[in-house]
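The following pair of complexes shares a single chain, subunit A, combined with subunit B in the former and subunit C in the latter.
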Partner chain A sequence: MSAYLISIITEGAIFGIMALGLNVIWGWSGDFDLAYYSYVAVGAYMTLVLTIGPATAPAQYILGLQLPYPLAVFIAVITSMAVALVIGSIALRHLRGIYFSIVTLGAVYVVYVLAGQYVPLFDGYNGLSGLFDPMGDWFGLDYLSYQYFLMGLSLAMFALVFLLMWRISGSRFGMALRTLREDERAAAAFGRDIYRLKLKGYVLGAALAGFAGALFAAYLSAFNPSAWSPVGEVIALYAAVLVGGRGNIWGVVVGVLVMGVGVQESTRWLPHVPGLGELDNVNPQILLSMRGLIVGLVLVLFLRFRPQGLLPERRYVDSQPAALIVQTPA
Partner chain B sequence: MSETEPNLALEVRGLTKLFGGVRAVDDCTFVVQSGQVTGLIGPNGAGKSTAIDLISGFKLPDSGTVIFKGGPIDGLPPHRISRMGLIRTFQSPREWPGLSVLENVIMARWDSGRETFRRGVWGLARSQRATSAGELARAREILTEFGLFPLRNERAGNLSGGQKRLVEFARIRMAEPQLVILDEPMGGVNPVLGERMAVAIEGFIAAGTTVIVVEHNLPFVERVTDHVVVMAQGTVIAAGSFHSLRSNQLVIDAYLGEMVPQ
Partner chain C sequence: MNEALLTLGFAMVTASILALSAVAFTLEYAVTNVANVSHGEILTAGAYAAFLVHQRTGSAIAAAIAASLAGGLVALAMHSAVIGPFIRFGASPTIVFIATLGMSFVIQNVLVLFFGAANVAYSIDPGASRQVGPFRLTPLDGEIIGSAVAITFVLYLIISRTRFGKALRAVSQNRELARVTGINATRVAGATFFLAGLIAGYAGFVLAESVGSFNPYFGFGFFLITLTAAVAGGLGRAVGTMTGAVIVGIILEVVPALKLPFVGYISASYNLAIAFAILALVILVRPRGLFTNARRTVFE
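Entry: the complex of A and B
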């Protein structure tokens, strides 16, 4: 297996966990959250400051512990959930639709600027680095076998998260979240505490984001402001969920395969198209921008022709024939 | 005075709500007898819808009290009032459009124990899923009763206006509240369906649910109600049986007017 394939699969699994978390917030609860990637970032940053040890001058950052990786991941997830609880409890109180999105857009910029400019927190623009092969020496892995290990770990964690979401999807809890998306006044009229329920969904989604961020930190060994942007990454996640099928966890997987892996990777042949190769020599950024063009085009086509996605959300289908129903006297 | 009679399902005392300088509901006082259908009528702008919002917790009153189940419920959030057994509908049908008709009915019953995240993950038995056998059976029964069984797997948003009204009635049946407030159930409904709704309201009473119905369709009000409360300009101007109100000059002036020729 080539190193390239290993990296795609690892990235795809991590991206899949992110998309499943976004599906809770947008697919089920129905909130277009733009702060979502800040929970990924918090997860990644926290994992690093908890594992890479004390800062050496001129670098500076908080904590600087050397905890075992799994414990660091756990704390990072809790931190992401805490940040989401703060942002969510403000944004979800009264705001819906575009107003909610604007507030969460503000929130992600606050997180981005704090992480990138406030040096004592995560060393500002330099960011954090030095998380090499976490858990690797526990099993005595060399460089190459560690790549396989991390790929397997990411896939296993993705499978675990998928199983969890599969359980939630068919549960009363999952259905209650959907009633909020469909009509929250009716949900309140039938006993649902809208604010609490929405906040629960929001924090659950953020937990998955933080978890994916913690895995991402191990994959990248580092994290800094040039590794993410406030809006770019989250739009790619929305594209994956939309194309796959909002609200359908199988659809989310398909969306990640199509958008995250398919479209992104298939555009690697662009430099080989006659005429385009020279363009790449002139300015390597051009073909990268064309990739964005293709992603955008796919998104527009889906919004116009198949807004429900490749695998639309499934409703429970009752196949019992009418004749079998025993009438009880009123 | 503060003692509630045991046969009262709801008591509204001095309810007042101001929007800026407008007194939308102004010292509104009435009672609802258990096991009866009470009509709430009045001209547009009389404050009926605001009164319902105040009773069901969707708006907060500026003053006044609502007594339900022997205690005040004013100031409680809508979900708490709903959980106590007072459920309301809205002027326009509020189905969950993306869910199926069957899911709409099943989710009308709020279930404290099973709706948590933890149960969602660890509740391994079929009875813990969204569609447990008992609920499915009950929902099928109700859907058959309302003639919606063939549409049970349909997306609720695809139904006609009248069918959506029936889905709302089916949801009330599933939720089995002590008191239901129906906000203009006849809005946009044809006479045949209207008769079906009148029968459904009788069904609610038979099942132990007291009914308040806000309605402009007076023949329907005459057909279904035991008692009528008339509101005008935010306050109650008369109450009694529909027939006794026909001859009430205040009611005729405010609302009935030429609709009831002598």
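Entry: the complex of A and C
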């Protein structure tokens, strides 16, 4: 297996975990959350400051511990959840629709600006680096076999998260979240505590984001403000969830394959297409912007022409509609 | 004291540009009930058009006209290609919000493909600064502030005195009712987008001038501040939005110049964070804007 294939599968699995988390917030709960990628970033940053050890001279960042990787991941996830709890409890209390989106857009910019400008936190624009092959020396892995190990780990974690989401999807909690998406008033009339339910879903989604971020940190071995942007990354995630079918976890997998892996990898070959090759020399940004262009177009076109996605969510049909029950003699 | 007046002078320039951008945004909102996230790209288009025309002709006035026209056409295209069809299709405001975000992404990347992502330096000689009343302003500053006031006045006349303005107000208050009375709501909305685009395109030109450079992402950054001003003033309300823009513009310039207790000076690079802190506060406390007494409901 080539190193190229390994990187696709690892990135795809991590991207898949992010998409599954976003599906909880947007697919089930129905909130267009623009702060989502900040939880990924917090997960990645926290994993790094917990594992790479104390800062040396010009660099400065908080903590600087050398915890074992799994423990660091655990704390990073908890931190992401805590940040989501704060943002969510402000944004979800009274706000819905675009007002919720605008406040979360503000939140992600605040996180981005703090991480990038406030140097004592995560060393500002330089960011963090130095997490090399976490857990590799436990098993005595060399560089190449470590790549296989990380790929296997990411895939296994993706499978685990998928299984968990599959359980939640059909559970009372999963159903209750969908009711909020469909009709919040009706859910409230049936005695659901809307705010608490939404907040629970939100924090669950953020936990997956933080977890994916922690894996991403191991994959990149570094994280800094140029590794993410407040809006760019989350749009790609939304496009994946939308294309696959929001609300349906199988759909999300399809979306990740199409958008995360398909678009990502097909644009990688653009410079090799005869005639386009020269463009690459003219403008090094061309790959990134082609990707962004495709992602944006797909988002708009799917919203307009196939909002349910390629693999739509199954609509639950009431087997005992109220009308029937009324007609049945007591 | 001098320092404070100097800062206030800058603040008036920022507030003027912000007011133009925000009033255009709020007009777009008024006729469609949709927040156009790709509004910032109208400003970017204006900046590029101004730069290209200025290079060819060497005339700042030609550049301003080109910026305006480019903005108007881009806004019209946004409405007829995406926002209009989505509204006729019956999409919810949130869905259109997402679609315009996607569109903004498309436009940014198209601009990168054509012009590259690097900053383009673009500035007009501002001239020597002079004492104007209590403030020190350059002639360029004066032109920016003066043109903003003039544009606002003309816009006020259009909205309050013309037949089109009447139709615009009707559509913004009740689209269905307006249609019943024979107003072509889609056409009025399209024309309003064109008008808003003219203003926003010009705002993009003066913003590029006052910043001194721009790139394909430049409008989006300013859109975030525009959004703060418009929401603070009340989405869809022109006068409230203008006031919101002036307040936000002044806060953004004044805060970095102040030595605050505990934190000391806050660098201007935190501008976006400050803007959003204001925004979040306004939305939470007075979601319909600062200047209205309407009560908030949970389902907003």
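Here, the second predicted complex is superposed on the first by the 315 of 330 C-alpha atoms of A that agree within 3 Å, B and C clash if a C-alpha of one lies under 4 Å from a C-alpha of the other, contacts with A are read in each partner's own complex, and residues count from 1 in each chain.
One rule holds for everything that comes next: a residue touches a chain if its C-beta (ideal position, glycine included) is under 8 Å from a C-beta of that chain, and two chains touch if they have at least 3 such contacts.
All values reported here derive from a predicted model rather than from experimental measurement.
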First (subunit B), second (subunit C), both or neither touched by A:V113: second
Touched partner set for A:E313, first subunit B, second subunit C, both or neither: first
Partner chain in contact with A:D193 - subunit B first, subunit C second, else both or neither: first
Which superposed partner A:L204 touches (first subunit B, second subunit C, both, neither): first
Touching partner for A:T179 - first (subunit B), second (subunit C), both, neither: first
Partner chain(s) touched by A:S289 [first = subunit B, second = subunit C, both, neither]: second
First (subunit B), second (subunit C), both or neither touched by A:L297: second
Subunit B versus subunit C as contact partner of A:L155, first or second or both or neither: neither
Overlapping contact positions on subunit A, where the subunit C interface meets the subunit B interface: 185
Complex interface listing, subunit A residues touching subunit B: 164, 167-168, 170-176, 178-179, 181-183, 185-194, 200, 204, 313, 315-318, 320, 322, 325-328, 330
Subunit A contact footprint on subunit B (complex, rising order): 56, 58, 77-79, 82-83, 87-90, 94-100, 102-103, 106-111, 114-117, 119-121, 123, 128-131, 136, 140-141, 144-145, 149-150, 152-153, 155, 171, 175, 203, 206-207
Complex interface listing, subunit A residues touching subunit C: 32, 90, 93-99, 101-103, 105-107, 109-110, 113-114, 117, 184-185, 231-232, 235, 238-239, 283, 285-286, 288-290, 292-293, 295-297, 299-300, 303-304, 307
Subunit A-facing residues of subunit C, complex: 35, 82, 85-86, 89, 91-95, 97-99, 101-106, 108-110, 112-113, 116-117, 220, 224, 227, 231, 267, 269-270, 272-273, 275-277, 279-280, 283-284, 287, 296, 298-300
